[in-house]
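Below, chain A partners chain B and then partners chain C, in two separate complexes.
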Partner chain A sequence: MKNYIKIERARHNLTQGDLAEKVGVSRQTINSIETKKYIPSAVLALKIAKIFNMPLDSLFELEEHD
Partner chain B sequence: MNTNILFTAKARVASYFIIATTIVLAVLDGQLGLTDLTEELNTLFFHISTGLMCLSLFLIQFSKYPEEDEMLMEIRLKLVLNALLVATIYLTISPIMEHFIFQDEIQEIPASQIIMFMLLYQIIMFQMKRYSLKKELAKE
Partner chain C sequence: MKTNLLFPASFKYISILFLATPVFCYFFDIMLFNNNRFMEKTLFEFLMSCAFFLIVFSKYKDDDEMLYSIRLKTTVYSLLIGVFLLIGRPLLNFILWNQAETYESAGSIISTVLFFNVLFFLRERNKLKEALTDEELH
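Take a look at the complex of A and B:
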């Protein structure tokens, strides 16, 4: 699953640590999501989308093999 | 994913203490006169200590770490599945090895041995994964 968290994070001038703190997970988890090694739960994905004030499907996108 | 089902970090510390005490008792059983006990009592102590070791390993694997979140929980749950597969393979291979390689009498494998094997596998793999995640983060 593709995601635009890194881009949005840069746009909002947030570090991985800042975002992690806001959504209540570790920095490792944010890093793993950005590098597509971990697919977040629906709750976490919604929390991240809320931080960036954008709809979920604009932040996360299904790829062909998903 | 809810991580509240996990035990506290204090449970992990207590588990380390229990394991260390059990190992010390096992090493010093001669000096403490435990070997002079009847066979029945010896067996009882052995089963209790094995059970305590299994419980301690379980608490170590399912207790909270400072960086605890849904990703670590998912890693843990995937490892339970992997450990089950590895234990099944171990159960299959063990009698074959005993018979053909060591040419020993085939014996039943105790449940405590399998549980301990599965928990040790999970703990080792989980710590390796945690270490690799930390290393990856340090590279960033």
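Take a look at the complex of A and C:
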């Protein structure tokens, strides 16, 4: 699953640590999501989308093999 | 994701106590069990199993849903090793060396499964830490 967290994070001038703290997970988790090693739960995805104030489907996108 | 099913983080300190038992096992062996190897082995396996169980299933300070999912994944992998020990090894013994009667104690299988669980979990956790880059914004 493709995501635009890294781009949005840079746009909002947030570090991985800042975002992790805001959504209540570790920095490793944010890093793993950005590098597509981990697919977040719906709750976490919604929390991240809320931080960036954008709809979920604009932040996460299904890829062909998903 | 809530991680309520896990033990509190302080339980990991108890596991250190359990891991320090080989020394005590040796002491028990001399003092209590009169060199009863079976009792010694059983006690050793029990305490080791408790220690490994507490290491994996107690919370870390940065515990979250990803660590929770890693725990589940490593538990499945280690269970596969347990299945191999229980079914695969006796079967291989029978097929390759024609040894039909091979017994493996439940304690030994459980402690091995939990040992591999700890090993896989710590390896995955370490990999995550290594993957962290200093470059955060770009």
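Simple rule for what comes next: the second predicted complex is superposed on the first by the 66 of 66 C-alpha atoms of A that agree within 3 Å, B and C clash if a C-alpha of one lies under 4 Å from a C-alpha of the other, contacts with A are read in each partner's own complex, and residues count from 1 in each chain.
Heads up, the rule we're going with is that a residue touches a chain if its C-beta (ideal position, glycine included) is under 8 Å from a C-beta of that chain, and two chains touch if they have at least 3 such contacts.
Owing to the predicted nature of the structure, the values given are computational and were not obtained by experimental measurement.
Once the two complexes are laid over each other on the shared chain, residue contacts for A:G24 go to chain B and to chain C alike.
By the touch criterion defined above, A:N53 reaches neither chain B nor chain C. In the superposition on chain A, A:P40 makes contact with both chain B and chain C.
Looking at the shared chain after the overlay, A:R9 reaches chain C, while chain B stays out of its contact range.
The partner of chain A that touches more of its residues, comparing chain B with chain C, is C.
Residues 16, 24-29, 31-32, 35, 38, 40-41, 44 of chain A touch chain B in one complex and chain C in the other. Every residue of chain B that touches chain A in the complex is listed here, in rising order: 1, 67-72, 74, 133-134, 136-137, 140.
Per the touch definition, chain C reaches chain A in the complex via residues 1, 62-67, 69, 128-129, 131-133, 136-138. By the touch criterion given at the top, residues 9-10, 13, 15-17, 24-29, 31-32, 35, 37-38, 40-41, 43-44 of chain A touch chain C in their complex. Only residues 16, 24-29, 31-32, 35, 38, 40-41, 44 of chain A touch chain B when the two sit together in their complex.
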